[in-house]
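Below are two complexes that have chain A in common, paired first with chain B and then with chain C.
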Partner chain A sequence: MQEFVMKYGFLLLVFPLLGAFLNGIFGRYILRRYGEAPIGLLACASVFMSFVLSIAVFLALNDSENGSRIICNAYTWLNAGNLRADAAFLFDPLSSIMILVVTGVGLLIHIYSLGYMKGDSGYYRFFAYLNLFIFSMLLLVLADNMFLMFIGWEGVGLCSYLLISFWYTEKENAIAGNKAFIVNRIGDAGFLIGIFILFWAVRQGLAAAGTFDTEGLSILSFQFLEKNISLLNGIELYGASAATIICLCLFIGATGKSAQIPLYVWLPDAMAGPTPVSALIHAATMVTAGVYMIGRLNFLFAMSPLALGIIAATGAVTALFAATIGCAQFDIKKILAYSTISQLGYMFLGMGVSAYSAGIFHLMTHAFFKACLFLGAGSVIIGMHHEQDIRNMGGVRKYMPVTFAAFLIAMLSISGIPPLAGFFSKDEILWKTWESGHHILWLTGLATAGLTAFYMTRLLVLTFFGKNRGSKKDCAVHKIKESPFSMTMPLIVLALFSAAAGFLGLPEALGGFNRFEFFLSPVFGSHRGASHESMEYMLTAASAIVAVIGIFSGVFFYLVKPELPARIAKKIRPIYNLIYNKYFIDELYSFIFVSGTGIITAVLSAFDRYVIDLTVNLSGYILRLMAHIIDWFDRRAVDGIVNSAAGITLIAGAYLRKAQTGRLQAYVMLLIIALAIGVFYKAIF
Partner chain B sequence: MFDFIQNHILTLIIFIPVIGGLIILFLPERHNLIRWSSLIITLIPFTLSIMLYAGFDRSVSGFSYPGGLQFVERYSWIQAFNIELFLGVDGLSMPMALLCTMLCPLCVLASWGIDKGIKGYFFLFLLLETGMIGVFCALDFFLFFISWEVMLLPMYFLIGVWGGPDREYAAIKFYIYTLIGSLMMLLVIIYMYLSATPHTFDMTRLAQLGAGMEFKTLCWIVLFIGFAIKVPVFPFHTWLPDAHVEAPTAISVILAGVLLKMGTYGMLRVNYMMFPDVTFKMSMFIAVLGMINIIYGAFCAMAQKDLKRLVAYSSISHMGYVLLGMASLTEEGLNGAVLQMFNHGVVAAMLFLLVGVIYDRAHHRRIDGFGGIASVAPNYAVISFLAFFAALGLPGLNSFISEALVLLGAFQKYRIITAVSATGVIITAAYCLWTIQRIFLGKLNEKYAVFPDINAREFISLLPLGILVIVLGIYPHPILALMKPTVRFINNLITGSGI
Partner chain C sequence: MEIITLQSFLIVSLILFLTGLYTIVSRKNIIGIYMGIELILNSSALNFASFSRFAGRGLEGQVFSIFIIVLAAAEAAVALALLLAVFKRQRGIDADKLNILKG
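Up next is the complex of A and B:
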């Protein structure tokens, strides 16, 4: 089994790439000739194959006795100077969980899309992009070195761009795509610089240890880094430890990809893409890449408590900040987007307090319940004929019972109601935060938990309960009907996982065994703190109570007294406006960066045209002027001389002509004189 | 026969185009005949350079003969001045020769629409090819200079006669700039010739020339400026956008794809190999210029309203990476620089070909004058996306590798300069995406409701480049392996001289 993975593990990536290639190149033809079925089948089959292989990898790792790390080296990708990067893939417990989530959730969303995208003229394009995304994401997860990871890292960004602007004839979608890519690029520049510093620092460390010839060494491979991470000890850059600077640079990359403060602004706009995309890319998988990256490099981040502290604080603040915005939005997808930002904040909080396995655990459960929520939202949006404003919804519960049930379970899970998955994973992070001594961050997390329960309840109630407020004619109630099976099936499966996945990581304090943490221990190590069971019970109870309070207040405000929120909003108008307008961060950024870039661009191009080019043209002009002066001089002075020379010649000719008499004797005479002079000359000299 | 080709392969590659060009002058004035014969003529050197590529020994290095130079041919030419027809390639010139011979047939395809003075056009084009390959293969300094000049003249006419409305201004500007550059080069060449005993133009021997440091520095600077005009390095760059905008498509391709590389090739061949000790001292200065090119070019590109000007400024920006990599004096950076020369040749050629396609249909290049083209010309859109994403350095495509190597190498030496340069990737992404969005996305501009998609000829001219963009991104080894020993040699030469 292990040998199989070592030899053929790369096939995991080949299938989706092949699917993307075939649908991308021949899709238009297939669509015209054979309809949608073969395209969808091809796309789903390729992801299914990867999913099967992911299970195989998981099993292979489970029955491995010695060391749980399998490397499949396909070929040497890059080898120049001291840099060597192989196209090699790393299979270990961490990456195996990630690929299971990516291909598993990915497969469900592919199936869901079969129905969701029906009749779209870009059907083949959609599935080609989606398959390409699965490929890039697997590359990101499985890459064995930083450089290869970066290909996946930007590859998922590309797919995200392509899918956000999927309906490109709307200008807003295209602009949202641009925003996503460019904001991500800002992060990526940081990530890239982080890689450079890492490369430099490791080589410094190697040189300090007496190794100068590093040719052919895969310095940036995770295996090498993990083994030699101690080389970074004592390496400094501008007075700070190199490890801290590297970690912070990489974290800038993570804030871009995983939508954290300050680079979160692209994610809400990214909701312009089709809903399955929002579920897969902008909730379940791609946006968790930053969290995964920190997990992958946990040995590096462990060297810098300062960087970890910053990560934890950023995560906690982002979680609370995004949750408050989520309370005042009306677009169903935007609410979910802010909730995603908030939940990602939890994951970073977990990573920041070194609770890596808790962070990854939340990553996994979040993938289930958030994908379920998005797909449920998509189902409602389709059912309501592309209505996204929850003010125009209501009462959908009666018409879409399956969607409602799935949405309810996922919503309870994200709100942290025991014993659903979200409760366990969130609680684990909060507990670890408290345990690590960050009590303020713990409080922030707890407040976020309450807010989460509140705004999710608000969303649920406004969408599914009460009377239908659909104002549009075509939204007439009787037309709302449940989505087809291809869409509800993934919902049901995801709802089941959102409910039950928590038991994988049941903490010991609650009588569990925490299989999840145990499975990941080869990657993260197993560090059990001293047991504080009573404390853990108390905190667990606290987070459950907060969740229940959040839900009750949501029900109270939006179901029992639906007129209350508007009254309160009126009373606290300034604060409400601030939150409703997302703290005006978008406007601020647009003012600083977009106008700033515009100004620099204008100034530099004006400089180019009016200073540099003007100088060039001016010197050309001066040269021409000089040429004119010289020309004048030439004609009047020099040519004057020449012309007078010509005159002299003319006059001389006139006189000499007279010598041409035509008399033979005179010519012979001249000839003899000339000859005589010649002979005389020769004789003397 | 085969032996003859083997032994004279460089001579054949260089002179077949010009001989073919002369033949074309005597062909009957039938357009298709001339087009097809030009295509076939340009395909011969390409085939030969594939043979060159196959036979190239990837393990030797050094700037001497016998030694690292391969396929050397040496004939006496003008005995009185000891001028030779001395040809040979190493890891530096091999990728460039390959690039040049590969782009020429594609350019002939892109010139299919030329019908004014077609004979003259193709003759000059083929003469240009001879000059270009000559520059890359010459090992005699005089021959190098002659080739440099041979290439200049056809270029002047190709822009000045077959160019756009403002062609004369652009052609003169190009000519004068380049002429100043070559004059500076000539001064140093003559000085070096005279100071060698016995007098020689043999570059491999001139490289061993000893001279006072101050004088060498002066030579270095004069040569550097001469080459910098060609790259072009800020502030000598304003001839480039003008030349590009006025030049016909194929000539823009040659200009961006090959001519710009001559500047950096010249720096590496002459400044680096002949004055390594001066180069070592000047590296910081080159790095700063590289940084300015990257950032300044990118910002200027963003401001452009004309698509071709935008691509021209993006070339300036991308050539900055070559300078930065050269300045790094690390193997990673130098490999990246030479690879970037090749990769940018491919990507810039693609971009200019694509601009030509859209111009042929719309007869203008205003970026704001389009919109939604993707819905009427999907194939064209796909290839354009590929080219623009290659230009913005998307990982997995060829430019990423060279740019990453450059930055990685440069970072070992210059932290701030490299960090500033790295922000160039953000600006580049911004202007590339913004351009894509304005031309291809959004609502379809009603004016272009009927917009023919890319045709077979255009597709064939783009396909090889598109394949290279992807393949070299996934597997850069075929080009990297060519240059590695030579790059190591150069690097050791310079770092060794600095100690």
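Up next is the complex of A and C:
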């Protein structure tokens, strides 16, 4: 089994790439000739193959004695001087969980898309992009070195851009795609700089150690870094420890990709893409890349408590911040987007307090319940004929029972109701936060948990309960019907996972055996602190109670007394407006950065126009003036001399010609006179 | 003592030369001018002969005189041919009218 993975592990990536290639190149032809079925089959089959291989990898890792790590070295990609990067793929517990999530959730979403995208003219394009995304994500996850990871990192960004602006004929979608791409670009610049500094620092460390022997490993491969991370000790850059700077640069990359403060603004806009894309890329997988990256480099981040502190604080603040915005939105997908940002904040909080396995655990459960929520929302949107405003929904429960059931389970899971998955993973993070002594961050997390339960309940109630409020589509009510099986099946599977996945990481305090943490311990090590069981019970109870309070207040405000929220909103109008308008962050960014860039360009344009153009024009003018002077000189002086020489000759000729009389006697007389003069002259002198 | 000295010859020669020169200057007819030229040639031939005679240096001067006579004959032939051509063209041989080379 291990042999097999070592030799053929790269096939995991080949299948989705092949699918993307075939659908991308021949999709149009296949669609016209054979219809939609072969395209969907091809796309799903390629992801299914990857999924099967992922299971194989998982089993191989499980049954190996010492094999916490299998490396499949496909070929040497770069080898230039000290820089070497292999196209090598790292299979260890962490990446195996990630690829299971990516291919598993990916497969379900592919199947869901079969129904969701039916009849779209870009059917083949959609699946080609989706397969390409799976490939890039697997590349990111499986990469054995920073460079390969960066390729995947950029690849998922590209696919995200392509899929957000999938319906590019509408300007709004194209702008949303651009926004995502540009904001991600800012983060990616940080990521890239982090890699550069890391490379430099490791080289410095090697030089300080007096050796350049890397035992045949690329110095940016995770294997080498993990083993030799102590080389970074004492390396300083601008007076700060190099590890801190590297971690912060990489974290900037993570905030871009994983939508954290301050680079989260693209994610809500990214909801312009098709709903399966929102589920797969902007909820379950791609946005977790930053979390995964920190987990992958945990040994590096462990060297910088300062960077970890910043990560934890950013995560906690983002979680609370996004959750408050989520309470006042009306677009079903936007609410889920803010919820995603909030949950990602949790994961970063977990990472920041060194609870890596808790963070990854939450990443996994979040992938299940958030994908389920998004797919449920997509199902509702399709059922409501592309209505996304929850003010115009309501009462959908009766028409779409399966969607409702799945949505309910996922919603309870994200709210943290025991014993669903979200409860365990979230509680794990909160407990670890408390345990590490960050009590304020814990409180922030707890408040976020309450808010999460509140706004998810609000979403559920407004969408599925009460009467249908479809104002402009009154007649549409009768046409609302349950989605086809290809769409409900993934919902059911995901709902089951969001209910049950929590038992993988059942904390010991609750009588379980944290399998998840144990499985990941080769990567993260075991961080088993002193046991505060009574404390843990209390905190667990607290978070469960907060979740229940959140749900009850949601039910109370939106189901029992639906007129109350509007009254409260009116009372606290300024605060409500602030939250409703997302704290005016978009406007702030647009004011500072977009207009700032505008001002800079205006200044530069003015500089070009008035300084550079002026200089150029002035020198041109001076040259022309000089040319005029030289022309005048040529015309008057040079030509004048030449012409006057000719003129003088002419005039002289005119006079002299008179001497040539043509009369013989005159000539002879002249001759005689000259002779006479000559004789006399000779005679006298 | 000899009566006829070198001066006598030179005087005759001078008279011939001046006569020829006057003829050239005063005549309008080209033939007249030509005759003047002949006189000048002959005066120079006489000079050659007389200097040769009185210098007592052989016959070089006499030989030159004969050359001059021969040349004058040849020149007469060419000159008369030219005159005929001029006459044909100009319908006359007046020297004053031969002014096509006037500047």
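Remarks
Following the convention adopted for this analysis, the second predicted complex is superposed on the first by the 626 of 685 C-alpha atoms of A that agree within 3 Å, B and C clash if a C-alpha of one lies under 4 Å from a C-alpha of the other, contacts with A are read in each partner's own complex, and residues count from 1 in each chain.
Here, contacts are C-beta pairs under 8 Å (C-beta built on N, C-alpha and C of every residue); 3 or more make two chains touch, one makes a residue touch a chain.
On a predicted model such as this, the values are computed, not experimentally measured, just so you know.
In the superposed model, A:F423 makes contact with neither chain B nor chain C. Contact with neither chain B nor chain C is seen for A:W442 once the two complexes are overlaid on the shared chain.
Using the contact criterion defined above for the overlaid structures, shared-chain residue A:R657 touches chain C, although it does not reach chain B.
In the superposition on chain A, A:W434 makes contact with neither chain B nor chain C.
In the overlay built on the shared chain, the residue A:S165 is in contact with chain B alone; chain C does not reach it. With both structures placed on the common chain, the touch criterion links A:F126 to neither chain B nor chain C. By the document's definition of touching, of the two partners only chain C reaches A:I672; chain B does not.
Partner contacting the larger number of chain A residues, of chain B and chain C: B.
Contacts of A:Y116 after superposition: neither chain B nor chain C is touched. Residues of chain A that lie in the contact sets of both chain B and chain C are absent, per the superposition on chain A. Listed in rising order, the residues of chain A touching chain C in the complex are 656-665, 668-669, 672.
Of all residues in chain C, those touching chain A in their complex are 21, 24-25, 33, 95-96, 98-103.
Contacts from chain A toward chain B in the complex involve residues 28, 75-83, 147, 150-151, 153-155, 158, 161, 165, 168-171, 174-175, 177-178, 181-182, 185-186, 188-189, 192-193, 195-197, 199-200, 203, 237, 597, 600-602, 604-605, 608, 612-613, 616, 620.
Across the interface of their complex, chain A is touched by residues 173, 176, 235, 237-239, 296, 299-300, 302-304, 330-336, 339, 372, 374-375, 378, 389, 394-396, 400-401, 404-405, 407-409, 411-412, 415, 418-419, 422-423, 425-427, 429-430, 433-434, 437, 440-444, 474-477, 480, 484, 487-488 of chain B.
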